[in-house]
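Note that the chains are named A, B, C, D and E in the order they appear, and that numbering of residues resets to 1 at the start of each chain.
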Amino acid sequence: MLASKNNKHLQRFLTVAAGIVILAVVAAQLLSRSGAEASFDISAQTIIQGLLVGGVYGLIGLGLSLIFGVMRVVNFAHGDALTLGMFLALFMFNRLGLDPYVTILIALPVGFALGYGIQRFVLARLPEGVGNSSLLATLGIGLIFSNSIFLGFGAQPQSVNVPYAISTVNIAGVQLSIPFLVAGLITAISITSLNFLLYRTEIGRAIRATAQNSLGAELQGVNTRQIQAIVFGIGITLALVAGILLLPILGSVIPTIGENFLLKAFVVTVLGGLGNLSGAIIGGLFLGVVETVGASGQIGSIGLNAWRDAFGLTMFVLVLLFRPEGLFGKTVKRV
Amino acid sequence: MTTTSAHSPRALPKINFGSTWLSLALIALMIIYPFVFGKNMNWGIATLIFAGLALSWNILGGWTGQESFGHAALAGVGAYTLTLLAIHYQIAPWWGALIGMALATLLSLGWGWLTFRLRGAYFTLSSIAIALLIRIYAINDPNKFTGGSEGLFMPDLPTFFGLDLFDRRVEYWLAFAFVLLVLLITHVIRRSRLGYALLAVREDEESARALGINPLRMKMTAFAISAALTALGGCIYAIYLQAFEPHTLLELPLSIQIALMAIIGGRSSIQGPILGAIVILGLGELTRSFLGEANLLIYGFLILIVTLFAPGGIMGLFNKTGAKLGKAR
Amino acid sequence: MTTTAPHPIQDTATAPLLRAENVRVQFGGLVAVKDISLAVKSGEILGLIGPNGAGKTTLFNALSGFVKPTAGLVTFQGRNITGVEPDRLARLGIARTFQVERPFEDLSVIENVLVACFLHHRGRKAQEHAFEMLEIVGLADRALQPAAELNLARRRRLELAKALALEPKLLFLDEVIAGLNPPAQAEMIGLIRSLADRGIGIVMVEHIMQVIMTLSDHVICMAFGEKISEGTPAHVASDPSVIKAYLGDDDD
Amino acid sequence: QDTIKIGAITSVTGRFAEFGKQQLAGFKVGVDEVNRKGGVNGKKIELIIEDNASDVNKGLAAAERLVNAGVPIVINEYSSSLVKAQAQYLARQKVPVLVVTSSGDDITKPGNDYIYRLNQPATEYARAIFNIFRDNKIKTVAMIAGTGAFEKSVAEAAVEIGKEYGIQLVENQSYDRGINDFRPVLNRIRGKNPDAVFMVSYAEDSVALMRQAREVGVKPRIFAGGAAGFALPDFIKGAGDAAESVVTATAWVPELRYAGTQKLNVDLTKALKGEPTYHAAQAYAGVIVAAEAIKRAGGTDREKVKAALGGIKMNTAFGPIEFKDFDGFKNQSPLEMVAQQVQNGKFVPVYPKSASPKPIKFER
Amino acid sequence: MTETAVKPQLNSGRERVLDVQNLDVAYGEAQVVFGVSLHVDKGELVGLVGGNGSGKSTILRVVSGMIRARGGTATYRGKTLNGTPAYQITDMGVAHVPMGRQLFGQMSVEENLIMGAYLPRTKAHRAQNLQKVYDFFPRLTEKKSMPAAALSGGEQQMVAIGRALMSEPEVLLMDEPSLGLAPLVVKEVMRVIASLRELGLTVLLVEQNVRQVLKVTDRSYVLEQGRLVIEGPSAELLHNPEVQRAYLGI
């Protein structure tokens, strides 16, 4: 059901992308009129680079969106869960010499158990109907994550030095980094299997039913507490995996890095429509391209790279204001 | 049992508008502090400033339920305005503060007008985004008016009725006056039409509209008051810091800290935010030596404890009105 | 098929309080309310019935400012109020209740009413007024109780007290009686009657025919957004199209 | 009172704790040395070390505790953002401040009567590298710097010095803290094909930057870093092969030929049970200079200590220290920076003459 | 849960399926149900009526496991219900059609129905049951692929009942199925409920609409402020003067 709508997504995506490019060109024109010369790099290299970054953003957003879709919880711990993944991989690498990608196999059960436990023992026990209490609780959990990492690893940056981290392949003149390609592949696998799970399996139907009306689902014999815990487990696992994938890409990380990715995840999911899974991936790609092209820009003597976050944030605010349901979303095909 | 109008006493019941004596007790505590802890003025000043900021936050976040995670930007507007005016135009800090408050109010009006159609988590997210955009601007200002990422130094300031503004005692009383002002405003608002309108809007905008309340206007009013007071707090904070940078003043964690103080203290109450500031900064001071770099761990656990067991915050433990009955699953 | 009463109610000397002319509300392709006209006078009760999804609540919303009519004209005491925001209507003297009652749960009963009283009064005066309203609806003994603790019948009374606190000239009541048991129904009916006797114009939606029959001076039946019948309660209740679309034939 | 108490603030905990550790070792070595040589004015010295927990508010509270403790002078620490508030406060309390590590130009420019700095300011970081550029006929430079106070300060100095030396800045980019994806900028830089790339960034960024520069295939004659992240041993560890032949400015290396440098290196290594960085040496120098100022002041009177600082001219294992007013700086020690290059996975000094330099290797 | 069949208790010649004894229920501090005892036998259609807030829904919630009682017992064929999670109670064969229908609004009608057969026990007969439901409610056949939210109130009620039937329940608990529906639709819903018996179901029906309930049910209980005040065959209650005065508005 979700997959069949992808064509429409793509259309909307292209329309909006075209719109933004036109806007950017107009803005550049205006600025150049006023004396300063503006230029953006829209070479294949930059665009593809943006798509690759965007794939990772999408993967981060995917978990966040899934959790929101089913539980209406904006998971503020998502960024720190991602950091947890990074440091899990670091730990395994430093202690056991385990390759980060191998750590993904460990992250699957660890992330799932962690998410499952959090939902079961914290979020499920929140008193109902009191403001944004789940938002706050996850904020607290995130702080506990990141500060536990502080306690365990200290504040200094950590890095893994794997040989493939800086290797690239050259396809048709475009240089592609290996870790990015791996990340893209795993993102694709994740969204496909998640879609399969949700729309082709019993448990998927139960998840969707729980998302729409948990009381109703419970009365059909669905153990909704368990379903919610499973969903949180999947969401956190996705965050951990994203963290591990990012480690070789970034090269060096600190325990507070999660905050930045949390923001990216927010932007991505809002662009795609909170709770809309394919939307998250598309939102991620979109953000990646806009940011990368934006960051490559130059107005007069000012490089726009330092404004990189501003591109995403501005889009975020605009989408929140004018299309709070996301660029591509109608309520019907939420989780 | 169905009541008919057959009840006898026509006495008007006494509505509890929030405990006045608790406010008085807290004020007394603040007055005593410098006489007892004269050697720890910095902690006292910081706590007062944050108490005031949390109280100001609460006017918007607690009462209308629009939880902003972007208030650091408003404090920043105050701090920057006062300092920049003092540096570039030698404008006295009190005028600078007033101008800063006015600017923050203007900003909040635009900001609110744009984002108040969003609710719950959406509003919170939008507030983060807007505050961060302001931060990015302050850092990268192409004209370097904001001082960029190197930040600003507070220049020498004229004396305030003969008082040296850099004297920690003077700063303490300044911060105290700030808290007092916000507390007073809070008390007045709580029992006024505005206060009730805000609470009504928080609970149900449609219902509020039916009762003659314009939610947008009320929220804007609350935001404007909150912003002006936050900017004032930012001004005092700037004088206290004497040197600040966007990286310390305009970051998300500061915004979250302000919000959390109010939430942990109890947002439905009047005095909760003050208690929140005291508890958080006090615990931070106590645990600093053994938690080290992980000193925010304590926040994490506090938030969990409050959300799980005391949804009304610390104040909710004392009076029940803030905490709703636990709903059955 | 549209059987209308011989004369719309504008024959008497008293001009109508509220008048709607060809009000239409459209949601995308769906026309929820199709060119409905009506009028209400002071002290008059207009009953609105019709099958589920007929557009009653939507019409209500359009008349009370919560939905902007796509077309048509609404006037109140001769002023054009089409599309005017509800908070301004409240100031003019138009109040409403909601189909699903919504007290402010964090506030006490009297504070709930106080919110509304501030529209016309300040300070202590407002508190007194709030208490008076509670007395009228019979909730005075529960003034300080948290509104969240009230049961359905009392919530309905509270809802009414809030509306009355606005000192309205016109009152919209959306299913305030549905769900009440017979004694509570009887009391509520009495209360509504007394409000009308005080000169308040009332528009009410209700599925309970017996209530509509006893209270209304005038009834409109809607189906699929259209007015299918209008007139005295007896006239509408015996209208075959109403029976077919709404009441069902084997009425007891 | 049989000891003289000197105040010191550093980040024992928090984000900057790594540097705090270095500084604590430097303090210890300094105090031991002063006391071993008989102390000051016949009294032993003692350091009251306060933790700022890498946080402004806690830093101000720390400074207050030192003021209350009556210390004659406060040695101030790593992070510019914290030092600015702490020093400003202390100066207004009329307590002399001796800055030993933080390097934002504006701490001593325009400065304050009570604020002295013995380490090199940000401008010098840029100058050391640009001197190398000039000496090696580098014509075009692409620069990328963080938006932190320190990085910006160095970057701005680099723009000025570049003009002065006639070196063309073909890219002047900065990046915000957060997500370390530098590929868009690096792509641009690659397109410009500059002779050199100059990078100013903190630790996590420096590793990421170098790795990504290699990945993207930026190929200048030389990569240069403006100290901070690039000068730490962790840089080599983290960036691995990508770090090879990167030149960086740094404040001090054990190979310097000042009297006592070798011994200091040994002592610091012992105190740290690990490899010392220049931060430790700076902290050490802070103690030595503070002790000297108290000695010259003949007591612990703050005004006298302040005056004594002004007259100091001495040699330390960190380098020669004197406080001068120049180029808009006030009470600033005009010490020259060092530069080192990663050669075969190790830092070797390449600049200046006084550091027995090895020849610089170029990539092309 | 143990699958051992408990020996059915016999009473008035019929199997007792649902048995509630001395039930006390409270929300937080406030007790709302006081020592209520009631039972439903196999094949019976039993009504539970009473004023607002008298505790009808509360009793249903206890039986279906949505809340826990403070005291007393609730058993289904001898198996205790109080404290058993709702989803397990559904598995035992007790289906609850809650107030407000609680459909999965964005899912199609058919998916809603299939969700009713979520339990492994019922999966095998899913196709047959689906067909049965469509036979029972032919109107739903045309609306199969529409999202449930787009249906009219009466149709939604049909989906809710149909969904409950998909779980092959023995007992159906229905909470105010006629709420907010037009008179015409109410009549239709009541007809449907009356005919559920043909499917061999046992039904406990909660309603505001006392007259309608008394007309379709076999026996009824009248609840007042959390206490049971009257019980008996519905036909008798219909003519009981007290009931007439208090609940039928006669």
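Quick note on the criterion: a residue touches a chain if its C-beta (ideal position, glycine included) is under 8 Å from a C-beta of that chain, and two chains touch if they have at least 3 such contacts.
Given the structure is predicted, the values throughout are model-derived calculations rather than measurements.
K.L.:
Using C-alpha centroids, which chain lies at the maximum separation from subunit B?
P.N.:
Result for the farthest chain: E.
K.L.:
If I average the CA coordinates per chain, which chain comes out farthest from subunit A?
P.N.:
Using the mean of the C-alpha atoms as each chain's centre, the farthest one from subunit A is C.
K.L.:
Weigh C-E against B-D on C-beta contact pairs and write down the one with more.
P.N.:
Answer to which pair has more contacts is B-D.
K.L.:
Averaged over CA atoms, how far is the centre of subunit C from the centre of subunit D? Could you give it in whole Å?
P.N.:
The mean C-alpha positions of subunit C and subunit D differ by 76 Å.
K.L.:
Just how far, in Å, is the C-alpha centre of subunit E from the one of subunit B?
P.N.:
Each chain's C-alpha centroid was found; their separation is 51 Å.
K.L.:
So how far apart, in whole Å, are subunit B and subunit D when each is placed at the average of its C-alpha atoms?
P.N.:
That pair's centroid distance is 38 Å.
K.L.:
As a quick test, compute the distance in whole Å between the mean CA positions of subunit B and subunit C.
P.N.:
Those two chain centres are 42 Å apart.
K.L.:
At least two partner chains per residue is the criterion; list those residues in subunit B.
P.N.:
136, 139-140, 291-293, 295, 324-326, 329
K.L.:
Among all residues of subunit C, which ones touch two or more of the remaining chains?
P.N.:
149, 153, 183-184
K.L.:
Residues touching two or more other chains, restricted to subunit A: which are they?
P.N.:
154-155, 259, 306-307, 309
K.L.:
Can you list the subunit B residues touching subunit A in their complex?
P.N.:
65, 67, 114-115, 117-118, 120-122, 124-126, 128-130, 132-133, 136-137, 139-140, 142, 252-253, 256, 260, 263, 267, 291-297, 299-304, 306-308, 311, 323-324, 326-327, 329
K.L.:
Sort out for me which residues of subunit C touch subunit E in the complex.
P.N.:
The contact residues of subunit C facing subunit E are 50-53, 149, 151-153, 175, 178-186, 207, 209-210, 245-248, 250-252.
K.L.:
Help me check something: in the complex, which residues belonging to subunit C touch subunit B?
P.N.:
64-66, 85-88, 90-91, 95-98, 102, 104-108, 110-111, 114-116, 118-119, 122, 126-128, 131, 135-136, 138-144, 146, 148-149, 153, 162-163, 165-166, 183-184, 187
K.L.:
Which part of subunit E faces subunit C closely enough to touch in the complex?
P.N.:
Interface residues on subunit E, with respect to subunit C: 30, 50-53, 152-154, 179-185, 187, 208, 210-211, 246-249.
K.L.:
Could you list, by residue number, the parts of subunit B that touch subunit C in their complex?
P.N.:
2-5, 7, 10, 12-13, 15, 192-193, 196-197, 199-200, 202-204, 206-215, 268, 321-322, 324-325
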